[in-house]
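Provided herewith is a single structure, encoded as structure tokens, for subsequent inquiry.
So that you can tell them apart, the chains are marked A, B and C in the order they are listed, and the count of residues begins at 1 in each.
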Amino acid sequence: MDKVKELEAMDKLFDRLFPICRSITGEGLRETIEILSEYMPLEVFGEPTGKQAFDWEIPKEWVIRDGWLKAPDGRKLADFKSSNLQILNYSTPVQTKLSLAELEGHLFSIPHLPEAVPYVTSYYKERWGFCLPHCEREQLVEGEYEAYIDSEHIDGELNYAHSVLPGETDREVLISTYICHPSMANNELSGPLVAAFLYNRIAKWSKRRYTYRFVFVPETIGSIAYLHRFGTEMKQNTQAGLVLTCLGGPEPLNYKLSRSGANPLDHIWQQLLERGELEGKTRPFTPAFGSDERQYCSPGFNLPVGQMARTVYGLYDGYHNSLDTKEAMTIEALQRSVEELERLLELNEAEGYYVNRSPYGEVKLDKHGLYPDINSPINRSQSSNEVMDNRRQLNIILTILNYADGEHTLTEIAELCRSSIAAILPFIEQLKEKGIIEGPYAEKGRLFK
Amino acid sequence: MDKVKELEAMDKLFDRLFPICRSITGEGLRETIEILSEYMPLEVFGEPTGKQAFDWEIPKEWVIRDGWLKAPDGRKLADFKSSNLQILNYSTPVQTKLSLAELEGHLFSIPHLPEAVPYVTSYYKERWGFCLPHCEREQLVEGEYEAYIDSEHIDGELNYAHSVLPGETDREVLISTYICHPSMANNELSGPLVAAFLYNRIAKWSKRRYTYRFVFVPETIGSIAYLHRFGTEMKQNTQAGLVLTCLGGPEPLNYKLSRSGANPLDHIWQQLLERGELEGKTRPFTPAFGSDERQYCSPGFNLPVGQMARTVYGLYDGYHNSLDTKEAMTIEALQRSVEELERLLELNEAEGYYVNRSPYGEVKLDKHGLYPDINSPINRSQSSNEVMDNRRQLNIILTILNYADGEHTLTEIAELCRSSIAAILPFIEQLKEKGIIEGPYAEKGRLFK
Amino acid sequence: MDKVKELEAMDKLFDRLFPICRSITGEGLRETIEILSEYMPLEVFGEPTGKQAFDWEIPKEWVIRDGWLKAPDGRKLADFKSSNLQILNYSTPVQTKLSLAELEGHLFSIPHLPEAVPYVTSYYKERWGFCLPHCEREQLVEGEYEAYIDSEHIDGELNYAHSVLPGETDREVLISTYICHPSMANNELSGPLVAAFLYNRIAKWSKRRYTYRFVFVPETIGSIAYLHRFGTEMKQNTQAGLVLTCLGGPEPLNYKLSRSGANPLDHIWQQLLERGELEGKTRPFTPAFGSDERQYCSPGFNLPVGQMARTVYGLYDGYHNSLDTKEAMTIEALQRSVEELERLLELNEAEGYYVNRSPYGEVKLDKHGLYPDINSPINRSQSSNEVMDNRRQLNIILTILNYADGEHTLTEIAELCRSSIAAILPFIEQLKEKGIIEGPYAEKGRLFK
């Protein structure tokens, strides 16, 4: 798929998913998974209401059919059919008439964003309510209001889906995103869209060292349920991972470090930034704010999982309200995310420990066509720039060979070359092709085994 | 005992102890222990003269009955009965008449503090001598002087005392101070007074995790003799320790780190200072200067023992001379020391590793009444400050739960919360009461045992 | 040998070695070893042409008898007999007449140093050529030139030599230098000269803790061949090592750290510089630039070997050309190198872990004549400077005794004394003589064994 077609396809998928009323359970969630499964093979799971998942219990499934709030003059102030954000997500049913004073506790708006309809949820406490622009709320007059929500909480299930793309080894890269947010763009259709198209790119790689696990869950309860089912094998196999969220918007990539801050993607990311190979920002790991990395990084699992965003939740006006639209985010930004993440994961494929097969004394480079055969300060047939370039390349090759001792990672070797991984990778490939080095190995200490 | 009564009691004890002529052995030492034993239960030990204690030998006991120096005109220049500092501590007996020139080598004074009588000792080399104000010494005229010291060195014993306050575990906190200094206030009646009243406070705690060992010894030889008897069990059991000295005076607490600088009290202390919870200063560990921490931290024992002072030895005019009086020090400062040390030890009781009992995925906080049940940017019933406070508290709780993994100490968890131990302790207590976390444990790595 | 005689002897040896046409094999190499063997016992080795040494093969031996280049007017532009640098080192034979255009590819000169004859080698690719000053090259006119080189590549051998000076233990210090460079002074007669005279100094030490291995090899292929024969035992025994190169010139010593940067000589060197005991500069380890330390530090061996220079290769005009003369370097600088290296190795003899034999409580210093026997602020018989000196010495002694715990190296103990190794060594010796401490031990953790 070329880049133009990819962009069109992303745009089309966005438009199909945007209107759906999603929640942590229910029909909208299933419909979303079904549409995504047209783009990649997805295995779908359902956990029944009431099932225990660690400290949590799968909640009742939410059925929402209609809802509106009528002013004393009969005008509809909120209407599920025109915007699902206007009904409190997970609202209990209601059909009643009440005064403005009685209504107040059931209304939600944002004083500092008077035009925006807020996104409000109440999953674990029974409530009903309506969300509306603050400017409209300010106009409300005394009188009799009519509230109507046709919803139900039934014994049903919580759904999620995954796709496992096999590689040469069982070591896995986790890509996880969430599909419980209703009609908002950056947070959160950006994550599922990027994940789906990233899947398609990685599926086309000529070889994959790692297995790639793509996970689509409702946030928090979904990743907890997923870990309850798959956590043991993930703890065994996960080499690296990313939670994808808020990947639209004009900002550069913004990476939240994994819990230890010392996993392969943490090192690769930081080196790319330090060496100016990628524009980006870095956030520390925080267990209290964020998305599903908080579950993957809970102390019992402690997976090497970070989180990638651009326009970060909580830091933009449209966060969790109706201003979070496709236009504010752009599909182009999503495609840029796909590209940058693909590049990051390509580099991660090469991370690990390398082993020089001739570790005793220097390798005789000219035998392998890797060394100038004359030792002269000036050779008229070469320009001074050529001499510099040759010297720099020779420096990289000799430095790689010295530190390909089974004790230094690719990132560390690149640092010792005063280069980025990206810059030394062609040399690594060349040395591998010539049979001079082996790797990457996941474990340290292979040289003398 | 309320604070006013405590202060009066400290003042009274000070006045009883101050006049006694103490040394590293002898009657004054025993009398001091006897008086202290009215304030706390004390077990008294005596090591006989000539007994070997590691590289040292218990010296002969010093008996001092009287002593004076008479000028040619018969005036008493020094007189044991008016001030015991005027006789060289551990002086041999003498009864002789001699010229001023012959006398010079037996006189001690401080040129830059002409009014002060210095405190001079000669425990391990036989000498006699007198200490006097330099201004008086400058007035001495030629003529016949008469020196008289009625002392004896007998086969006796070296005494020390301790009190062990049992706790829930055998792990011990050592509080050690010294009782060999004669009539001086800051250095050193402050240590024994603070120790005695600190004992009484800790004895009233509703529970003690640790056992508390209070030790009163003559300095150096006393702590070496004590270690000779109890060192093996102390090496086994000591969790933390403090040598108390120079705890009067207007300065804030001044902590000398333990030998490794990485023991629990070192960490707690430094965090309290960094987080502004306590005013204080920190000194590095030095094996060459100081008090009995030099013995506890000798390489064969290497106990986790620091030293706490205020107005540090050597750094004030009254150091080791007659200017070191109650007025220059104040009983109020001693009481402040008691309070601050009690607080420090309370925090130390909570130091250690904590374990989250639901480490897989996040704890379902609302089940435990620890989470706001609605996820809304603005809730009219809450002020914006309340929202901030709730968010901050939630942040602390979630951060504690993530790092209660058996791998992080309380001090480390507090740092990860960007708070002090003191600030997070109420949350730790709450989570323990609700059965969500366990701890503190002394050993790392409990989560998956 | 006194210093004046040593200097004369160095000067004489220099003059004997300078004119010889050395290469990585051949008669000049053997002659050089023979002359050196008059100054120290040398065992000589020969590796036959064609023998494999790790990734390398011993090349054919180069025989060079004569060579010259004649201008169209019959004038000699280059002449082996007047300067061996004028013939490309390892040149194939040639006897031909050719035009200036045909000659160009066989000429080497340095445009920015028009008076200098460059030193050019082509060991592993068959070539012939002449080296000449660029100013002369610029004058060459069209016409017929005559090139004549009477050389041969024969099945012969590659030679190297070593001398092992036994010490109390099998632990070895390696001193390696190279003898393949023809008529140049700083790079490289300085290394062999310094090595030979350093040998003679160390041979006179009253005792040697370590065995000293002095190695003279042709660069790169020689050290690889040497490692092929002795590498296994060197890997077992080497405690420290230095490659000596470029040790003439006015600059201070310039040390290239060993591969880990954390070997004993690295620590000693850095402390001497930090404490101002030695003037010098430090370079990081680089596997791509330098001399035989690149072989000793190849990943399969990873010996604790650094490199010592003054006027570093590549950083002075005379590098690898005829400007590198005795006058530009000076024999005095070589002698200074001998002295400074001897001092460094003396300190290295004392490096290691020390053990206090009375580790429980303080040592009773007065018993051993190491402590003032009176504790008095002012003693009229001592000046205030004496008091300060005594206090400083006591501080050093007590600090040594505390950290002589089998866990701290001498360098670390010196740091804890806020002193240099050199400054605390007299105290270490005194404490050893009195039987109070033991050491140095190479291994950590001896205290409680």
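FYI, contacts are C-beta pairs under 8 Å (C-beta built on N, C-alpha and C of every residue); 3 or more make two chains touch, one makes a residue touch a chain.
Because the structure is predicted, anything quoted here is derived from the model rather than measured.
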item	value
Distance in touch steps, counted as few as possible, from subunit A out to subunit C	1
Copies subunit B and subunit C touch via same or different residues, half shared test	different
Approximate Å spacing (C-alpha centroids) for the pair subunit B, subunit C	55
Residues within subunit B bordering two or more other chains	none
List of subunit A residues in touch with subunit C within their complex	356, 358-364, 366-367, 373-381, 394-395, 397-399, 401-405, 447
Of all residues in subunit A, those that touch subunit B in their complex	53-57, 104-105, 108-111, 118, 120-125, 127, 220, 223-224, 227-228, 231, 259, 286-289, 294-295, 297-302, 320-321
